[in-house]
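Letters A, B, C, D and E mark the chains in the order given here, with residues in each chain numbered from 1 onward.
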Amino acid sequence: MRPSVPVPPTEAVIRLRGVVALLGRFPALAGIDLEVAPRRIVLLRGANGAGKTTLLRTLAGLIAVAEGQATVLGVDLVADRRAVRHRVGLLGHATGLYDDLTVGDNVRFWARAAGAEADDAEQALVRLGLAGRLRSVAVSRLSAGQRRRTSLACLIARRPELWLLDEPHAGLDQDGRDLVDTILREATAAGATVLLSSHELDRSLQLADEVVTIAGGVVVADTGMSAP
Amino acid sequence: MTTEAHRQDIDSTGSNGTRVLGIAALIAMAALALFGLVLSPADANQGEVVRILYVHVPSATVAYIGCFLTTIGSAVYLWRRSRWWELVAYASAEIATVFTSIVLVTGMIWGRPTWGVYWVWDARLTSTAMLLLLLLGYLAVRRLPADHEVRTRRAAIVGLLLVPNVIIVRQSVQWWRTLHQKPTLLANGVGAKIEGLMLFSLFVGFIAIGLVFAWLLIHRFRLAWLEDQLDEAGLDVAIAERRAEGAAS
Amino acid sequence: MLRDALLIAGKDLRLELRSRVALNQVLPFALLVLVLFAFALDPDRGLLARATPGLYWVAVLFSALLALQRSLSVESADGNRDALRLSGLDPAGIFLGKVLAVATQLAVLEVLLGVGVAVLYTTRITGWVLLAVTCVVATASIAAAGTLFGVVAAGLRVRETLLPLLLLPVLAPVLIGATRAFEAALAGSPSEGWPWVGLMGVFASLYIVAGVFGFGPLLEES
Amino acid sequence: MLRDALLIAGKDLRLELRSRVALNQVLPFALLVLVLFAFALDPDRGLLARATPGLYWVAVLFSALLALQRSLSVESADGNRDALRLSGLDPAGIFLGKVLAVATQLAVLEVLLGVGVAVLYTTRITGWVLLAVTCVVATASIAAAGTLFGVVAAGLRVRETLLPLLLLPVLAPVLIGATRAFEAALAGSPSEGWPWVGLMGVFASLYIVAGVFGFGPLLEES
Amino acid sequence: MRPSVPVPPTEAVIRLRGVVALLGRFPALAGIDLEVAPRRIVLLRGANGAGKTTLLRTLAGLIAVAEGQATVLGVDLVADRRAVRHRVGLLGHATGLYDDLTVGDNVRFWARAAGAEADDAEQALVRLGLAGRLRSVAVSRLSAGQRRRTSLACLIARRPELWLLDEPHAGLDQDGRDLVDTILREATAAGATVLLSSHELDRSLQLADEVVTIAGGVVVADTGMSAP
């Protein structure tokens, strides 16, 4: 873990109490308690099927909270989970890109949809190394990692307040992984908060300020807000 | 013919042979205009519109030839993987589409004065329309936004079934009552006699349209071939660029 | 909302420009449907002539189904639905944008199909104003209802089969209305057609309003 | 080859059992098409009665399109096509298996649709043997041609629109043949129907043979 | 890297000379030279878009060799690339599962398709921890990692002679990763050969006997058959 920064005594960005979320009838989250302070990078770890993806999607306001209380960025998810969506940025397992549009078209479209400037899109493309030949290649032609990069570019362009990343390193090469880490550190420095799930512990433990372990839909270990 | 031989001797879509062919086609078309429009008499029943015949019927014939070439080309391509035949199939399908359209359009223009309508659901007309749609289907597959091999392979399967399908469509509608002209060239029906200058004009039509067909086909084929070669020439450049990509990183 | 609608419509039309699906495939399909019907009904020409307006609209409807499926399959690939929900775009704007894009494509299709019918079925065309207004109103209805129900079906694995199922009964009134209006126009008695146009207008408004308000909740359910 | 065919057919039918797409969606759709036609052609009941066999087969054809799309979309999801190519299954076996599964589903659909027609259009049914044989042969043709062209279209983003385009002109002869055979059967003169059945038999054989040999190369290119 | 085992002087399992492979018109492989001896575990590394996936798919006989010579398991890919397919096992980015069938159904179907016994399928399910509740869950309900596991189970059940794995660790949890390594070691011990691509170098370098680096569609570094 990074040497800890003193946590400013602000309101928590995420505050969950006994949150239950259902996929179909299956309680993928079975009572999650979680608190995350601003500007922290929190790693979510756990076995396959533990509920990491479900938790991230719930925090993004995509899955209803069936029981418990949940506040994200000051928004009460139980009352209105839509209000939080345009303020968070979610990188899921799926990429959300239009196959028949080019990389450039996609990043520009999603940036504009989120209310960002064309400039932000351009910078994101350059940052992720997509500004050259790849800019005008249709997304369907990309390699797995290039697709992930495009998806990341869309995310960066929208500058979210809360980053929810589902295995952000997956599929990226060494440079890409380092780049993700740098981008996340920059984001927290600029005031954002980051929650990421990962199975790549070596790298993620270095990156994170805090580690939350989940299993069977509940938090089983949490290094806590005040932990070093 | 081998692929290699053709790779060397084609460098433009024209050649002395095709220039002669082109000139011959032009002369034949002029002769067709002369005989078809001026020298041949108007028909007793149909009047001046009968002149459409000189384009209509030969066009139908070359369209059939184009379809056969497409099917044969597709079959050889699937069997032997011959790029040459694949391009023959593709080029013929395109030209056949053009001539099928000509048959339909001239037929419809002709239909209006003779039958009073542009279109009837008659056996031959319907099967011609089906033929056009099948050709369009072939071309749609051939031009799919997908990899080259994918497109050619799948189009070849469609092309393979082109002629059998046309035959079946023909068969299936042959019992329908038919408004369209019965075969007249070989038959001796009443009022369907075709002779003298009219017959000769039709003959000129066959030659002229046939030459145009051959000329178009050869050029279209060579164009496709050149595109293909360009692809391959581009390949070396692309490979060099691709390698440079690796060296840069 | 308007900005969002234009953004979405622009994106959909650009997708069409890049992939040419409607041009290369939906249009030929529409012509095909016409030919097929003629086959099925052939032996009796009077029958065909009388049924022309109905067949025209059935052909438009089936082609619209394809266009809608394309418009929706584009959104349901690989998490795009989630991305849309997260984008902060106004759902009403998304709805209007998609309706706009589909309607534009359908309008082009209808004109071409109209030419096809006029030629193939040798229909004499009269009552231009009524025909044009009917097309506009019917297209709006089809695009609006189609997009709305399309979202109900989208994201499910059986989307391709579910959409027609949901849509056809809903569009039956439009089918009837447009057919009657066309019949009236072609029979030279447009005054009989206008009430039907009014009815379709009500229908279109209903679906546009339903879409503007209902699209959000629908998009909600993943 | 036979073992592979049965394996594939078993898998497809199990998929249907688990997801119930054909049962819950294709069948209602088919009935819907019938009702829609009744609407479009309504004012004239005599017309409807005469057109019954044609409409029945048009309805079957459109439903078959849906069933085929389902059968093929199942294979084109997430790398399944590659998996099939790598599996070592005989392509001819895969083809026959898929044809078998689709034909089974279509056969059920036709029976139910037949009941629907008899009830909705109040048709008197005669000439059972001819009707049954026509159904069998026509179903085989549709399933074989559909699966073959389905694979031509499969794996491409434009699959949903390309399949109908390719398939409808090819199945037109089947449509005509089956319609004429049904007309003959219902008119009580089956002898006029049998030549059409023969024609469709030729057609079915052509497509089964083409599929057995052509499926390999088609599956080849991803 | 593992302590090296003396390489038996057998015929190479994979032998590529100047292999070019096209995706559309793009030469994703631009002249690959590669030789792999039997029973080796070879790691393929390289940046995003370098051509790893394309190489693995070419070796599996899914992509045509446009130029050059290629022999895999003694089969000439240029002459007949279908002949090799049922002898290799490919784990790609995509999983090749039927969404509406259960985990059990899927594994059994693909095992039988490859000519394996029902028993092999059962063992594979148990091995990957899918024999419990998950056996009768539809694949569409699975988490990303569970899906990968199911796909791996299908692969194990067919016991390929040559394993071609595209980022086999991706998406798996710690246990899953260890399990993959164990399975691959067992496979080579039993006579199979393994070629895997990965961006997770720490783990993969431990696993592999040999490392091949590709960039821009060509091999730029190869620790070679005789390297330690």
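Note that a residue touches a chain if its C-beta (ideal position, glycine included) is under 8 Å from a C-beta of that chain, and two chains touch if they have at least 3 such contacts.
Small disclaimer: the values here were computed from a predicted structure and weren't measured.
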Chain separated most widely from subunit A, comparing mean CA positions: B
Chain pair whose interface holds the most contacting C-beta pairs: C-D
Length of the line joining the C-alpha centres of subunit A and subunit C, rounded to whole Å: 39
Approximate Å spacing (C-alpha centroids) for the pair subunit A, subunit D: 47
Inter-chain centre distance, subunit A versus subunit B - centres from mean C-alpha coordinates, in Å: 58
Whole-Å gap between the CA centroids of subunit A and subunit E: 30
Overlap residues in subunit D, where contacts from two or more other chains coincide: 19, 157-158, 162, 165, 168-169, 172, 176, 220, 222
Multi-chain contact sites of subunit E, meaning residues that touch two or more partners: 23-24, 26, 47, 50, 93, 99-100
Residues of subunit B touching at least two other chains: 130, 133, 136-137, 140, 145, 147, 149, 245
Subunit D partner contacts - residues on subunit E that touch it in the complex: 57, 60-62, 82, 85-86, 88-90, 92-102, 105, 109-110, 112-115, 138, 154
Touching residues on subunit D, where the partner in the complex is subunit B: 148-149, 152, 156-158, 162, 165-166, 168-170, 172-173, 176-177, 196, 199, 202-203, 206-207, 210, 214, 217-218, 220-222
Touching residues (chain side subunit B, partner subunit C) in the complex: 108, 117-121, 126, 129-130, 133, 136-137, 140, 143, 145, 176
Residue ranges of subunit B touching subunit E (in the complex, touch as defined): 147-149, 231, 234-235, 238-239, 242-249
Footprint of subunit C on subunit D - complex, ascending: 19, 21, 25-26, 28-29, 32-33, 35-37, 39-41, 44, 47, 50-51, 54-55, 57-58, 61-62, 66, 69-70, 73, 157-158, 160-162, 164-165, 168-169, 172, 175-176, 179
